[in-house]
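Chain naming follows the written order as A, B, C, D, E, F, G and H, and within any one chain the residues start at number 1.
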Amino acid sequence: MQITLNGEKREVAGGTTVQILLDSLGFTAEATVVERNMDILDRSVYATTLVADGDSIELVRFVGGG
Amino acid sequence: MQITLNGEKREVAGGTTVQILLDSLGFTAEATVVERNMDILDRSVYATTLVADGDSIELVRFVGGG
Amino acid sequence: MQITLNGEKREVAGGTTVQILLDSLGFTAEATVVERNMDILDRSVYATTLVADGDSIELVRFVGGG
Amino acid sequence: MQITLNGEKREVAGGTTVQILLDSLGFTAEATVVERNMDILDRSVYATTLVADGDSIELVRFVGGG
Amino acid sequence: MTQQTSRPADPFVIAGRTFRSRLMVGTGKFPSSQALKEALAGCDAEIVTVALRRADLNNPSGDSILSVIDPKRHLMLPNTSGARTADEALRLAKLARAAGCEPWVKLELTPEPRYLLPDPIETLRAAEMLIKEGFIVLPYIQADPILAKRLEELGTATVMPLGAPIGSNRGLKTRDMIRIIIEQAKVPVVVDAGLGAPSHAAEAMELGADAVLVNTALADATDHEAMGRAFALATEAGRIAYRAGLGPERSTAEASSPLTGFLNKL
Amino acid sequence: MTQQTSRPADPFVIAGRTFRSRLMVGTGKFPSSQALKEALAGCDAEIVTVALRRADLNNPSGDSILSVIDPKRHLMLPNTSGARTADEALRLAKLARAAGCEPWVKLELTPEPRYLLPDPIETLRAAEMLIKEGFIVLPYIQADPILAKRLEELGTATVMPLGAPIGSNRGLKTRDMIRIIIEQAKVPVVVDAGLGAPSHAAEAMELGADAVLVNTALADATDHEAMGRAFALATEAGRIAYRAGLGPERSTAEASSPLTGFLNKL
Amino acid sequence: MTQQTSRPADPFVIAGRTFRSRLMVGTGKFPSSQALKEALAGCDAEIVTVALRRADLNNPSGDSILSVIDPKRHLMLPNTSGARTADEALRLAKLARAAGCEPWVKLELTPEPRYLLPDPIETLRAAEMLIKEGFIVLPYIQADPILAKRLEELGTATVMPLGAPIGSNRGLKTRDMIRIIIEQAKVPVVVDAGLGAPSHAAEAMELGADAVLVNTALADATDHEAMGRAFALATEAGRIAYRAGLGPERSTAEASSPLTGFLNKL
Amino acid sequence: MTQQTSRPADPFVIAGRTFRSRLMVGTGKFPSSQALKEALAGCDAEIVTVALRRADLNNPSGDSILSVIDPKRHLMLPNTSGARTADEALRLAKLARAAGCEPWVKLELTPEPRYLLPDPIETLRAAEMLIKEGFIVLPYIQADPILAKRLEELGTATVMPLGAPIGSNRGLKTRDMIRIIIEQAKVPVVVDAGLGAPSHAAEAMELGADAVLVNTALADATDHEAMGRAFALATEAGRIAYRAGLGPERSTAEASSPLTGFLNKL
């Protein structure tokens, strides 16, 4: 199935959880926030939240800023 | 009967029109705008508009301003 | 005899030395410089330098300045 | 013979007057001042003043300036 | 190129109406009608602002501002001074129109009396209401480029950023922001408030302002006609210079006399 | 009071000679004689400065500055630019006089080329020598009030303090000292150098300067006649304002519309 | 009076939380994490701002800002940079909170990229929404005293007026308006943006600002720790001077050495 | 790079003698010896100026400045205030030396009392005489780059250009000329007079001045020790920043947060 990840189209296998997605990308939960279809996900649900076809997901992190 | 004229309470006789009021105060219609109970009156109706008890009337004119 | 001390005329007795003059005025040599007829006197000669009639003497000291 | 004209060495024939020099260079007396060995020459003597060997001559004129 | 040919190419247009003078004059605080009359004559102003106030019941035939303003030469521009809310500003604008003014209004919303600075929120709200009612709106604002852009997008006829607080005579203290407003504006920029000397007016015009509004400096003058003339000349000077191309600032000197052709040294 | 009556009461006099214009013009760096001609026409200057240099031997009939300056309308004021010592300045002044100039000289002694700033010691020395030789001396100086006073006491016809380095267009950077010089001077004060915009000229005149000298800003302009006109207008504006009485700066606002007579609040 | 006794009496409190340092630091544009680390060490800052951006999918373990910020010493203050509307600002604030930040936010709404100036209308709207959501709001604004007062009345924890455009290093160009904001504010005033040198920070503090925020000047420095130290010292200097009582400007001199007791003249 | 390594590399040397502090303090106008003592303690100054005056015959044991100055910590630098000619300055310098001062002198020649501005001619003459007599001369001068260069060539140990008239608290009004003096000087440049706030001292040091001298601002303070501390911190801040590399002014903004990686718009 296809999702939009940080603005890019991506294919992901069915049954992929947010945690699996992060792991596959090499991201650690600590430094990252996940927004799914405009809703912020609590870290506690990463492992139990399935990514669905058409999802728009944003992985956000802190950078230097004034 | 009593009206409020530019913030001051005033006694006026029944049957007083706006025109009569202006004349009695020595104002000419040209230089003045009359607001009656927050409604601006057209000059053409000064002579036919009766002042009613409790009316709030403002006589306004231009002054120097920046 | 008469001298001019810091611009004021003063009477002093004959035989007055600079040291005697300072003592009589209550000045200590340390904090003060003495200029006699435009010549700066060395402290070592205060005791042996006689004040002469008509002398112009300036007692100078440090004050706050920018 | 040789002269220094505005800093440049120049050969001029004997018997050359300042006027002849100016003419040969195409300068009009009006717009130019002549300084010969640091002395300013009056225009009236251009025709009668001979240029001598070793003379230092400056032809000066007005230019735009602030 | 000569002035004769270059000047006509520089019309000053607000809301489709062309003006000759780029100096607007406020009529407040003059010691007498005569003083105001002289100032207006001296600067040959076209746009003059006025305020609306309650008539003095004890002085009906009082010395009127209208005796000085000539409808043939002047556009009387009523301001909304005294208003603290958009509704009060709308009310004053309507009264002015009813009194015979054209539907032009200098929108002025100053909630606090000490510095008389404009309220950006109420000013934007009032501008929207006034435009809906068909008014041509000239808003007095802080030197805020984003606010200026938003007002322009709403449809105001100009923006009138301040140079300094009203009557302070401090000059173009907001120079950097005024410069940005001018760079971004598609409507005329009129610098209002704080211009206390002709050099301030010239500086604003040199930056590219389309016009300036002056009041206090004229009212405070000893010779009102002369000061009016001075501001008119300086405003024109600044405008001409803006169009004639000013040079850049340099951190070192640049000789104005040739650096060659020196005589032999002594 | 009207301009008609007040203006004639303001003659500009240097060394007993009366001038109409308070804007002096430097003639350096113009792209062409035509450009200079237009600038002079635009500002209607009376006093124009020129420099003396070696004639170009390869270009005897070269385009001459004299073709533009009209002895009937202009006083040609030779400067001593290029001189680094009093003796060299004296030599240049004498050459200028021999070339037919009146015995007026703009004394300019600038030992270093980067900022072209005047040397106070040599300038004072040269002024003394020139005055002895019968010259009318207008010295270009740092904005140094004590030096200005000393030159005045020597007998110079004016003092010409700088606003900023020559050609820098930076304006009246020495404002505080210029103000003191004006307050103390008994001879005309002419602000010279650094005035890059009409507003700078107006500001100097508002401070009470008797005149200004401008060159670079005119030479750099795209439209020379227009820029000349702009500086002339601004100089006049500043002078008129100085005489008409400018108001003080205020730290708070002062309402230009009445603070009474407001309508009942909504 | 001595520092020992006077200094403890000067706590810097925002939203009930007391800070030691009055210098806030922005973490953008540093050449490396090491450079930022040195700057933070040099100025011993407590409040440091950060931004939120999309993670780089190709660089998951990328050099993180979090490696430099020490939760024990620093309060990480997320900004809403990138937001052009109140809704986007709210979204970013929530993301930051979800990422573990305390509910503090530097509200930054800059619709246009050239000057990055704040939008007064959206900023006010966003402040209201954020406060409702329980955030402690520090809004970046134009130096607009009326807007500052309105934000304070809404309940923002501070106001953060700009001195000049972000990164311009131009200093306190809005000085007059900042002075008015400080005079009228009941919440801390933090001067943000444009402060390019320690003297700018000191000037803001001398005016009575409660704190300053600096970023570009630190990031641009050659020696980051030294520049951090310089800004910290200047900020403290300005604060101490504000409390110790600065003298007034004078238009004439006032002798610092006695004007009496001179010796007889030669 | 760390302060520890960078700071020792920055000694302040006058006439071969190294100083720790770049803040010189004038001792005039303090309300009491205690106030001066606190100010000196607060700024930890090394070089302190004093004046010479006639002793008060009626108050021989009067409160002496010497009670506050500690020869172990302070270099007492006598000034020649009160002198109007080079001869009077020489006389005062000799008196100071006879009184036990080292042969250092702050040369101050101010003929007029209203603005107390230095006389360039007499100052140059006095400097020559004093140097011949073996004095180490620190001359107070107008911000005149040519005069500064001439004094340096004569052999003065420093030049001390003014920022504004003595005691005026107006700050670095002569900024442009100070910048040129610093650029051209081979001896230390000490900005003296007019510095009324720590930000003024920092600004002078950021320009590259080697030191500053402050008096009035310290004497006028309410808390003398605190103000002394404030000036010391600001002077150090300005020096560190000068060495750490300040960024350039920019006419537009430069984002301090990234302009990429924004989230999808709402």
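Just a few scattered comments:
Criterion: a residue touches a chain if its C-beta (ideal position, glycine included) is under 8 Å from a C-beta of that chain, and two chains touch if they have at least 3 such contacts.
Nothing here was measured: the structure is a model prediction, and the numbers come from that model.
Shared contact partners of subunit A and subunit G are H. Note on interfaces B-E and C-G: more C-beta pairs are in contact across B-E.
Most remote from subunit H, judged by the distance between CA-atom centroids, is B.
Repeating the A-G interface, with the same residue numbers in over half of the contact pairs, is the pair B-E out of B-E, C-G or D-E.
Our note on geometry: subunit E versus subunit F, Cα centroid distance of 31 Å, whole angstroms.
Centre to centre, using the average C-alpha position, subunit D and subunit H are separated by 56 Å.
Separation between the centroids of subunit A and subunit H, computed from CA atoms only, is 62 Å.
Listed for subunit H are residues 26, 28-29, 51-54, 79, 81, 91, 115, 117, 165-167, 170, 215-216, 255-258, 261, 263, 266, each touching two or more other chains. For subunit A, the set of residues touching two or more other chains reads 7, 35, 38, 58, 60, 63-66.
Chains touching one another, given as pairs, are A-G, A-H, B-E, B-F, C-G, C-H, D-E, D-F, E-F, E-G, F-H, G-H.
The residues of subunit F lying in touch with subunit H in their complex are 111-112, 115, 117-121, 124, 142, 144-147, 149-150, 164-165, 170, 173-177, 180, 184.
Every residue of subunit F that touches subunit B in the complex is listed here, in rising order: 255-258, 261, 263-264, 266.
Put simply, subunit F touches subunit E in their complex at residues 1-3, 6, 26, 28-29, 38, 42, 51-54, 56, 79, 81-82, 84-85, 87-88, 91-92, 108, 113-117, 165-170, 196-200, 202-203, 206, 215-217, 219-227, 229-234, 236-238, 240-241, 243-263, 265-266.
Those residues of subunit G whose C-beta lies close enough to touch subunit A in the complex are 26-30, 36, 49-55, 57, 60-61, 64-66, 76, 78-79, 81, 91, 94-96, 98-99, 166-167, 193, 213, 215-216. On the side of subunit A, the complex with subunit G involves touching residues 5-8, 25-27, 31-33, 35, 38, 40, 42, 58-66.
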